[in-house]
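Presented sequentially are two complexes of chain A, the first with chain B as partner and the second with chain C.
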Partner chain A sequence: MRNLVWSLIAVIAVGTTGCGQEQRNNGFDPNLKVYRHAMDQSPSSLDPVQASNVYANHVVLNAYDTLFAFKYLARPYEVKPNLAVDFPEISDDLLEYRIRIKEGVHYIDDPAFADGVGREVIAEDFIYSIKRHFDPKMRGQGAWLWQGRIVGLDEWKESGADYDQEIEGLRAIDRHTILIKLIRPYPQLIFTLTMGYSALVPREAVETYGLELASRPVGSGPFRVTSYDTSKIVFEKNVKFRQEPVDIWYEGYNPETQGFTGVEAIQGRSPPFLDILEIDFIAESAARWNSFTKGDEVQYTGVPNEQVDNILSSKDPITPTQEIADRYHMYAGVEAGFVFQAFNMDFPEFGYNDDPDRSRRNKLLRCAVIKGFDWSKRNESFYSGLGIVFPGIIPPVVPEFDPELSRWSVERDVEEAKRLLAEGGWTADNLPELVYGTTSSVTSRQFFEQFRGWLKKIGYPSDRIKIKQFATFGDISRAWKNSTLPFVAKGWGLDFPDAENTLQLFYGPNGSPGSNDANYRNREFDELYRKTSVMLPSPERSKLYQRMNKLVIDDCVAVSGISRTRIMLWHKNVIAFPDREIVGGFFLKYVDVEKQQPVEGEGT
Partner chain B sequence: MSSVAPEPVVDETVVDDGSAHRESIWAKTVYKLRRDRLGMVGLSVVLLYFIVAIGVWLGIWATEWGDVEGPKWAPMSAEYWFGTNIIGQDVFARAIYSTKTAFEVGLVVAVLSTIIGALLGALAGFFSGTWIDEIILWLKGVLDSIPFYLFVAAVAFALSGNPYAMHIAMVSTFWTTTGRLVRGEVIKLKNFEFVEAARAIGVPQVVIIFRHILPNTFHILLVQATIVFVAAIKSEVILSFLGLGVQDGVSWGLMIAESTQEVLAGFFNNFVWASVFLFGLVMAFNMFSDALQDALDPRKVASE
Partner chain C sequence: MEVLQYAIRKLLGGIPLVLGVTFISFLLMVYFGPDKTYELLGKNPTQEQIDEIRHELGYDKPFMVRYGEYLKQMATLDFGASDSTGEPVSKVLARTVPISLALITPGFILGNVLGILLALIAAYHRSGPIDKYIMGFSVVGMSISFLIVVIAFQIIFSSSYGLNAFPVRGWNVHSFSDYLRYITVPTLATIFVALGYNTRFYRAVLVEEMTRDHVRTAKAFGTRPGKLLYKNILKNSMIPIITRIMFSIPLVVVSGSLIIESYFGIPGIGKVTYDAITTGDQPILKAVVGLTAVLFVITLLITDILYRVVDPRVSLK
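Then we have the complex of A and B:
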């Protein structure tokens, strides 16, 4: 009997200890290095041709390889070769790019391959992957990056998208060399080859899995997906991933600003360092925050707006409270993107109208709405006063930003707004109905109510401003793309640090269903866009960019904008310098976790 | 003590020959209701809410519910009695305005689902055992078997942002209980002598159902309507909280949804006041509903 009691005690003790270790390692084998990341939305697809948002891009970049990548630590952002051996060899006329890819890189083992063994990644895979965007059957969303840019690519699509048909401007010269011939210079080309859209996909996998590829990646990235659903995705280390020791100095390490992260510990080691990478998709900020502060769940979070005042002791400079500083690593930075609203100029009630007088009055109406919008209060309400309000569509993060630009378009003036309405002959009786699309989230709804409240103040009757709710962000995105809403309220994350990436949002030929949701068409703007699109960065190009920016402001097309300051927190045992912007998903392969770190429940 | 025959409850005035004064069932109900203190308190509170809702509807008060000129998350003060929310809206005005939303939803759903439940229940009961009854029972079974919130989400999706998706979904499901109760009552009533007499003198079936039988289920409909009214208000709050309910306007559910972000930052105005208003109305309506049920119970009324 006594033995039995002792045996039971021993079993319970062992079990409890085991459970504790299990708990401390997020439910995985305690011997594994596990990192649990958190994102506020789930990816729309894991297929690179549909990696149209930041969430999909994060995931795709960890399962697949791209030719180029952004350096892990360099700020401002810098491009580096990834699967490419080196930077491209570019012809003198800037029209021909030769890119050599690394030899001996293999896809993960998968039944799609002969004998289930991942074959070598070859140049032809890149050609195939770009072609997919132009194949109507694929419903790819990244074609706009290369449309009208590569010799023969658009014609290939028009002639039936036969993958065996060679394209003059997109060829594999040999097994490991890619040749790209451009119609005209495209200085941003290399940036586009860092995006998830350009990731290399093996043809066998597409032909084997078809649409299932959207949830079953087969790539050569640092991780392979083991499970995926709407709540989380779990990766395990790709054991076949190429061995490339990290040089943190080459990656842009700055000990003064990044020393606190402990990234020096990865110097000389080959990523990925994690055995398991789990990304939890937690839309509710309260749930995400609770999971993070609990201590044994997600190890990273963006700080929700409602928590900012609780975790900061100072907003200028941004300083965490001592309690937060003791428990977590923190980094704050301005996003590489911005939030803005724009009128859909295809709606004759607000935009272009066959009647010149109505067009004139519409412009006055749009200008009045802009003057009625209170960016300062929007910043205070939803971004804790930490965002940067700026006029126009060139955000502060890009080098072409003009800090001297007039702030007329971002300063609220109710009397001026009323004057503009009166000048246009607008009264409470004849103002057109404005349908404002939102998702069903609380914040989206509050955006709408705040907007309506401000317009009421300038004399726009509240019953003329209608809400139209969409179940998901995907649904409202479709409405924007289909040009069914007169007003667009959205955010834009830059794909690369060049103002071209925001200016293209207002380029006429990019109208719906392209990225120009405002359907803005201005001859001078479009000519300047075409002119600058072949120019390398220079003061002259910056000046032209700024001229285009001014055109958008003067035409009162956009109510813009604000760049949010993101505050990120991560657990102290995580060695990382997180980024959800341009580096995005690339940083996850450099994440390491200190083992044996005691992690206890720690609510705040 | 004598046994009481289950007589029809409404047609007593019809059979009254005037030879002796007989108090009507409604007079008895009112008498009994007035003696139920809790019920009268409930009714008073409901009437108070109703007056508030009428005031909102007439634009007498809470007209500034959408204004956003106040400070962010202001505490309770003389200027902002219940404080403000994240965009500076007056929580008091929004809580008051939400009363109108609650009554709108409650009345629309209660009236429509009661009418549909009464009609289909009466038809199913009168034609019990026939294919009409089978179809109506099948329909009830199907609707009852679908989880309510899943059904609302499906309706909302199918109607693509229609502001009445929530009402349609609620009416579509709430009538079934009423229908089932009415069916049972009609099955009982259709064998009564007054129905047989009507049949014997050739009164058409439609007239028998809707003129002679259905009025005798009125006590069920009245009680059921109050229950549906409360259920609709509660459902609206839950649906709005989930983003499936009120689209243009404000409701206690939306206020509680807003509060999910605020409470973590230490601001409770939306949560507390929306909950208080909701609790007050639901509690009062339940008290009134219980009292009405007791007062209209034929056995209890008859035994008075």
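Then we have the complex of A and C:
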């Protein structure tokens, strides 16, 4: 059979003779250091004002500079100065931030600049970049991070978004110093300055390219984009990038857990280490796996669910098979985010009702659904049993997570669920119709069928639980924002490692079309949210966060949740500690590759 | 002159077709397609921000005004910029359509040529073992999902589990040998599936032609099989064959092949179109739909002229 197939392609093989050498380095010059990364989705825009997800940030954070960044190796995550010289000088009342940026940093050379030569990055660029989020013409997506926070910024927008007009709370004091004045303390501000949203964009590029900036970045990051299409993006080293030797100990290196990665080899050297960085966008898991295992194509992959059992010899602890361990580096980590469902409290059938008795009964109904939900089975069925099931809305990755919290809300108890229904006077005849909104994927449909099956066991008739599928994310997002679904199933990726980022999902004023799709309104919760929103991290704040978490659990608003464990594999010749959490992609500038040492199984 | 007059008449007659197609498709895009507004929102938007984005996208204008703008774009061939990447649509098409053409053309030509050859052989040996083998192969090609064929071929030819002889994905084409490397497996997959459909269709057409009196007469005169198949059967069957081939062209040119492009990481128009559909990127969609309609009109015209070429009895009046 093998000979027959070879015979059939012999002619083509003759035609392709001679190109093998070039292909050994992914089609690039064999003398270059090339790393091919893989992502399961492509970013839709490369403009920092639209860097709304990890996919976009993988590009934005490598093409542009941010004032602050996450340390490469520190877990839990820690912030460090990046373009900023140091941490901000903060006034005693926590309302004024002075940030000095590094001198002598230049943008890449681009026709947008006079003579095509990238000019120096200055404080005014940061001011301009933040203003862009408040200019409707820019279609920015990050305004929510600074809206109502910075003195004069909202007013600047209302008065017509004139870039030449100064803002009291957002100014460049001199060429390299930024002043931010806050309306009230905002402890998460520094986190927002690590995000792609806050990356520094030169005004010349925006004025030259307009909306097209979304596909041709002009930044001062470690790489410059050379090509971008639906299948991949290719960067080359930004030769003008500042020389800053890496101190892996400062970056949070832990030899015990990270020694296997070989990152000690980058100690004292200045990134970026790659000549070419290519990110392939491969939505199809089979194609991604084939490309990764081929040996001479992508060098990194997240492990698709269907491969988990093939590559692991043990799930607890997570251990690769000998074959996988011999061929690849592996790391398994819990995601910075979670998957959950929530009732939309604006629906009187399940949530708030003018009739106090019905409100009481609705709560019992919601609690019954929560007790009927089998998180353990969900974990086994869809997450290979590797996810971490936790009660409430503060996921394990943030420091405020409480491992001692009662697991009542995540442990299935059919009898208890039936008891709660009976206590509320709910019978098969009077239970309201539950519409489960989801996207139109096979997995979503399976989620629904499993959910319906569990509820049937507690006495909820199957014909009262309906699915409403939406063709695209935009469609379901519209339904959430317009509050037309009584039951919301979604995932949330943390923007920064602070529980505030998940608690805001249940803050009353953030109701639809805001991020509080549950339209949960609890006076105590909202007061605590406002109180903690100006507090610096402390045991007291953590305690208040946990109290808010308890309120959501006690009100039976959310069926929550699970944080998935992500398994990553990369080739042995790649020196890296990959991470796609939080902003995503900040590790890529530290990636290095040993000269051509392809793994077994490599073709051509 | 006759052809020119016919062409002008036909093109003018195609205008209502283009208007109809663009109107219906734009109606579907606006009222039933994904709303780009909600793709462009931040995580915690206000109603004011939603309204601003709708305004920026022009969604707050009356439908007929928007349709009028669409027609103007069609007339000027300037569809603006993609709502996702901001890249001018003309640039996107100029970059991706040639790649799709380069990808699909070999499979398209070989699939049809081989389909006709196999159909001729099967038709000539009608009801015999050769016919049955060929038809059996055709049924196999038709029965297996294209997706499965793509995955299987990728594993067999490209992956480390198989021959590992070709790239799994990518499109770094700098020379003809690069080109061969990247298109071989997609082309084989395309041919495998297309052959099934093509062979069965062409065989049916040729078998019908073989039952005609002139074929029987030619056989009675002792015409050699090769001449009989080419001159008496194939030439007289060209009308349905041309129809099938020609009507596939607009879809090949504009739509590309989504599955092939996605699995093999080839940046053609198919993937761009699919992404535009799922995200509601109307500038791209408007261009693809409008240009497909125009291409169909042109294809209809060329098809009619080709009818005349292969059969002089066909009148262009």
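Assume the second predicted complex is superposed on the first by the 573 of 604 C-alpha atoms of A that agree within 3 Å, B and C clash if a C-alpha of one lies under 4 Å from a C-alpha of the other, contacts with A are read in each partner's own complex, and residues count from 1 in each chain.
Following the convention adopted for this analysis, a residue touches a chain if its C-beta (ideal position, glycine included) is under 8 Å from a C-beta of that chain, and two chains touch if they have at least 3 such contacts.
None of these values were measured; they are calculated from a predicted model.
Asks: Between chain B (first) and chain C (second), which, if any, makes contact with A:89: first, second, both or neither?
Replies: neither
Asks: Is A:284 contacted by the first partner chain B, the second partner chain C, both or neither?
Replies: both
Asks: Using the superposition on chain A described above, determine whether A:594 touches chain B (first), chain C (second), both, or neither.
Replies: Neither chain B nor chain C is touched by A:594.
Asks: Of the two partner chains, chain B (first) and chain C (second), which one does A:141 touch, if any: first, second, both, or neither?
Replies: The answer is second: A:141 touches chain C but not chain B.
Asks: By the touch definition at the top of the document, which applies to A:210: first (chain B), second (chain C), both, or neither?
Replies: second
Asks: When the two structures are overlaid on chain A, which partner does A:454 contact: first (chain B), second (chain C), both, or neither?
Replies: first
Asks: According to the stated criteria, A:471 is in contact with first (chain B), second (chain C), both, or neither; which is it?
Replies: both
Asks: Could you figure out whether chain B or chain C reaches more residues of chain A?
Replies: Counting contacted residues of chain A, the larger count belongs to C.
Asks: Same chain A residues contacting chain B and chain C, which ones?
Replies: 284, 286, 471
Asks: Going by the contact rule at the top, pick out the chain A residues touching chain C in the complex.
Replies: 2, 5-6, 9, 12-13, 15-19, 23, 26-27, 42, 44-47, 50, 52, 136-137, 139-144, 147, 209-215, 229-232, 280-284, 286-287, 290-291, 293-295, 297, 471-475, 477-478, 481, 495, 504, 510, 513-515, 601-604
Asks: Spell out the residues on chain A that touch chain B in their complex, using ranges where they run on.
Replies: So the residues of chain A in touch with chain B come to 284-286, 289, 304-307, 309-310, 377, 380-382, 440-443, 445-446, 449-450, 452-454, 456-457, 462, 466-471.
Asks: Mind listing the chain C positions that touch chain A in their complex?
Replies: Listed in rising order, the residues are 34-47, 49-50, 52-53, 55-56, 81, 84-88, 95-96, 151, 154-161, 163-172, 174-178, 180-181, 184, 261-267, 271-272, 275, 278-280.
Asks: In the complex of these two chains, what residues of chain B are touching chain A?
Replies: 66-69, 72, 85-89, 156-157, 161, 243-244, 247-248, 254, 257-258, 260-262, 264-266
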